[in-house]
Every structure is written in C-alpha cells, then in structure tokens.
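For reference, chains read A, B, C and D in written order, and residue numbers begin at 1 within each chain.
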Amino acid sequence: MINTPTRNNEGFLEDAHSWTPQIAEQIAADNGLELSPAHWEIVQFLRDFYQQHAMSPPSNRLFVKAVKEALGEDKGNSIYLMQLFSGTPAKSACRVAGLPRPTNCL
Amino acid sequence: MADISLQTYTVVITGAPYSSQAPQTALDFARAAVAAGHQIDRVFLYGDGVHIASALICPPSDEPHWPRLWSEFLAEHQIPAVACVASALRRGLIDSGEQQRYELSAHNIRAPFEIAGLGEWVEAGTCSKIIYFHSGA
Amino acid sequence: MTTLIVIDQAPYGSWSGREGLDMAFSLAAFDQSCALLFNGAGVNWLRTGQQPDGLGQKSVAQNLGAAAIFGVEALYADAQACQRYGLANDAIIAGVTLIAPDQTFMTGFEKVTFAG
Amino acid sequence: MNQSVADLPAHIHTLHILNKTVEHPRAAQCLATLATADTVLLIENAVLSAPEVAAAAPCPVFMLAADARARGLIAKSGAGTEATGATPQIGYEHMVQLSALATRIISW
C-alpha cells in the first residue's frame, strides 16, 4: 500500500506534479479499474498533452479529438475510450493520469 | 421605409454591473426588442457579466438594482438565462450543484439564472442572432 | 460559417484573452468552423519563450498550441501590431498567418466576436 | 429629434456597435474595418467621439440619444451640439431596428 497524495472529493489529485505510475494504479483500482497497456497508452498520451499544453482537454469531445489527432481514428473515438474509461472518459482518464478535472464547460 | 422582419436574439453580456454600463444598455435593448415583437431566446452571461446573476449584490437603495431588474425582466418574459460555468466558478458565482461538488459553504445564484457551459452559447450561434454587450473600459 | 474570435488584450495582465480562447475551443468541440485573430496588444500571445511560472499562470502560448489539435482552423495575427511589439518572424510561435485586419479580411467571416 | 424608421438604412451589411472612445485601441480597429454598406452605432462612451468617428467612417453613423443626453451632448431643446456634430441621435427601439436590418453585428 502506498501513500497517495491529497485528492479532492471527486478523486482528482490536488497537485498534478505529485503523480507517479504507482499512484495511477491505485487511483484506477479505487475506481475498479485494472490498467492494461491500452489504458497506459491513453494515460501516457494525457501526461504528454498536459506537459505540452499545460491543461487537461477541457471537455470529453475535445479529449476524443485530441486522442484522434495523436493516435488515429481507431483510438480517437468515444466508443473505444468509453470501453477503457467508463462514465465520462475524459474525466476518468484525467483522474488516473493525475491531471486536473476537465473544466467541462461544455 | 425599411422592411424589418422579426428576429430571434441571444443577448450576451460580458460587462459587470457597477463596473460597466453593459447590463443597463443590454436591458434597455432587450426591453425594446421584446416591445417590437422580436424574440429573445436566451441571455448568456460570460466573463465579468456573470456577476449580474449574483444574489448577493446590494447597491444603495437609490441606485438601480441591475441583478434584480434583469431577474424581473427574464421572469416576466420567461426568457432562460445562463451564466457560463467556467467564468462563474472563477468569480465565486455558485449554484447548489457546484456548492456540493466543491464542498463550498454557500451558493449565491439568483433565480431564474442558471449555470451551464459554453455549449449553450455555441448552440445559440446556430439558431439566433447574437448581440454582445461588453465593458467600455 | 466561420466565426472569428478576436484577442486584442496582452496576456497575463488580463483574462479576457483566455476567455476568448475558451470560446474558440468550444466552437471547435462542436465542429463549428472558427479561427483566432490576434490584434493590437493581443499579438503578444504569440511570442516564443514565455515563462510565466513566476506569476502562477500557465503559458498562453502552450495553451494556444492545443488550438490546432482541437480543430481551430487558423491563427491570424495583425502584421503591423507584430512589428510594433518587436515580433520578428522568428520570435513568433509556429502556425501563425500574418495579415492586415482590414475590411477585406474581416468580410471573410460570418461572425466576428470578442470575449469581452 | 429621434429618427423615424424611414431614415434608417434600407440594408446593413455589418452593424458596428462601438462603446469606446477613439482613444481606445479597439475603436481604431473598428474604424479600419468599415465598409460603405456598413453602419456604425455609437453607444455608451463612444458617443463622446461622434464627430471624429463620423469624419472617418465611409458609412452612416448613429448615436444612442440616452447616452448622448447623459453626457451633456444634447441641449435641453433637444438639438445636437458641437460635440455631437451632425450624427443622428436614436432611441433603443431604433437600435433594435438597426440590429434587425444587419446581416452581421460586431460589438467592439
């Protein structure tokens, strides 16, 4: 059992910089998710996106668009992403990737 | 004589009450539009304009109460009004849903205003004529 | 039906440009055609080498880098304003088209909008 | 003193709603984009710049009477003053008409 850094009431890390792969696994486990290579590909994509653009994709639609742009149409579609990250994929995936909650202003 | 067809407007206000004239100009425009038979399908508050939806604004009693005047106008004509959630949260304008989500001590949105996303603005752009009222500063 | 969102405020000192960028992202999210124009002091959004961490703010240039990914169709900048603010071509982030924001340019857009 | 509908343009390509004086950078941006088929409506602080805007604009210019009156630009008799120039003063009902006539509205 590792000590996870502070998370808010929706399970998002308070500080994106405190993220590690181990913490990702624990956040995923808390949400009943076991991370496969397919999950990790999306998580790594989000980490890179955050590194480059200093934000989470602001909405689910834009998350899907960004994945499509980076990994192609097979993965950049909402069905594929919903299979990996249930509920609202942008929210669930950002949570595991240690990114801020998407502003979801859409 | 110019031929004027009936319009559907969305009024977007980005200027705050008591720091810009935008809420007053917008309300006078909206009243005149309704009086002329045009329709206002919604009012969208963005940026500093979200302060119009605050239930906690208390101007001196001899000054116009813009949030109340707007509320009364909206209720009278049953016009939906939305404050952008991203603008609202950053400026401390909160409804009960966001109060719960962020575990805050209170909410302060004035009826009939609601909090929603920019999707409302995007949709407005596809089905009505948008007119913006900005701060003059 | 392209919407032109105009950013004419310099970054960091005020927020209205960021709110303009949010508007562009929202249009893109719903597959509505949109472009951004950086006008006046707004061209300072486009300077390379911004390091705003000391201000507790995020780099607007980094944020702006997501525009193309999300489907914002073009980034335009007022060439004269770039000159006024010492923005030579090699000091401007990639993907920006320099134009004169005159009547001819503006007529090409069905909607022209400021965030505030 | 208010204009009747007959005095409004029959067609407007872009209605430019300007609420800032000419010293504001955005007023200059506005002036740079005006075309003959456009109309300018000066509201709020922009009424203070009526003569300058009217001189520079290649198209009709109107000003909101309430804003001009508030700022002391209209004599008690209702006549325009030196500060308003010949710019016609209109009411909010005419602002609505202008916006209805316009294909596109830009608020500066």
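Operating definition for what follows: contacts are C-beta pairs under 8 Å (C-beta built on N, C-alpha and C of every residue); 3 or more make two chains touch, one makes a residue touch a chain.
None of these values were measured; they are calculated from a predicted model.
Novice: Using each chain's Cα centroid, which is most distant from the centroid of chain A?
Specialist: With centres defined by C-alpha atoms, farthest from chain A sits D.
Novice: Using the average of all C-alpha atoms in each chain as its centre, how far is it in Å between chain A and chain C?
Specialist: The computed centroid separation for chain A versus chain C comes out at 27 Å.
Novice: How big is the gap, in whole Å, between where the Cα atoms of chain A centre and where those of chain D centre?
Specialist: Centre-to-centre distance between chain A and chain D: 51 Å.
Novice: If you average the CA atoms of chain B and of chain C, how far apart do the two points sit, in angstrom?
Specialist: 26
Novice: When the centre of a chain is set as the mean of its C-alpha atoms, what distance in Å lies between chain A and chain B?
Specialist: 34
Novice: List, in ascending order, every residue of chain B touching at least 2 other chains.
Specialist: 86, 117-119, 122, 130, 132, 134
Novice: Two or more other chains in contact with one residue: find those residues in chain D.
Specialist: Counting only residues that touch two or more other chains, chain D contributes 107-108.
Novice: Residues of chain A that contact two or more other chains, please.
Specialist: 59, 105-106
Novice: By the touch definition up top, name every chain pair that qualifies.
Specialist: Applying the touch criterion to every chain pair yields A-B, A-C, B-C, B-D, C-D.
Novice: Give every residue of chain D touching chain B within the complex, in rising order.
Specialist: Answer in residue numbers: 5-6, 8-10, 17, 19-20, 43-46, 64, 66, 91-93, 95-97, 99-101, 105, 107-108.
Novice: Considering the complex alone, what residue numbers of chain D touch chain C?
Specialist: 25-26, 29, 32-35, 104, 106-108
Novice: Tell me, which parts of chain C touch chain B in their complex?
Specialist: Where chain C meets chain B, its residues are 3, 15-16, 19, 22-23, 26-27, 29-30, 32, 111, 113-116.
Novice: So in the complex, the part of chain C that touches chain A is made up of which residues?
Specialist: Counting only chain C, the residues touching chain A are 22, 25-26, 28-30, 58-59, 62-63, 65-66, 69-71.
Novice: Over in the complex, which chain B residues touch chain A? Could you list them?
Specialist: 84-86, 101-103, 117-119, 122
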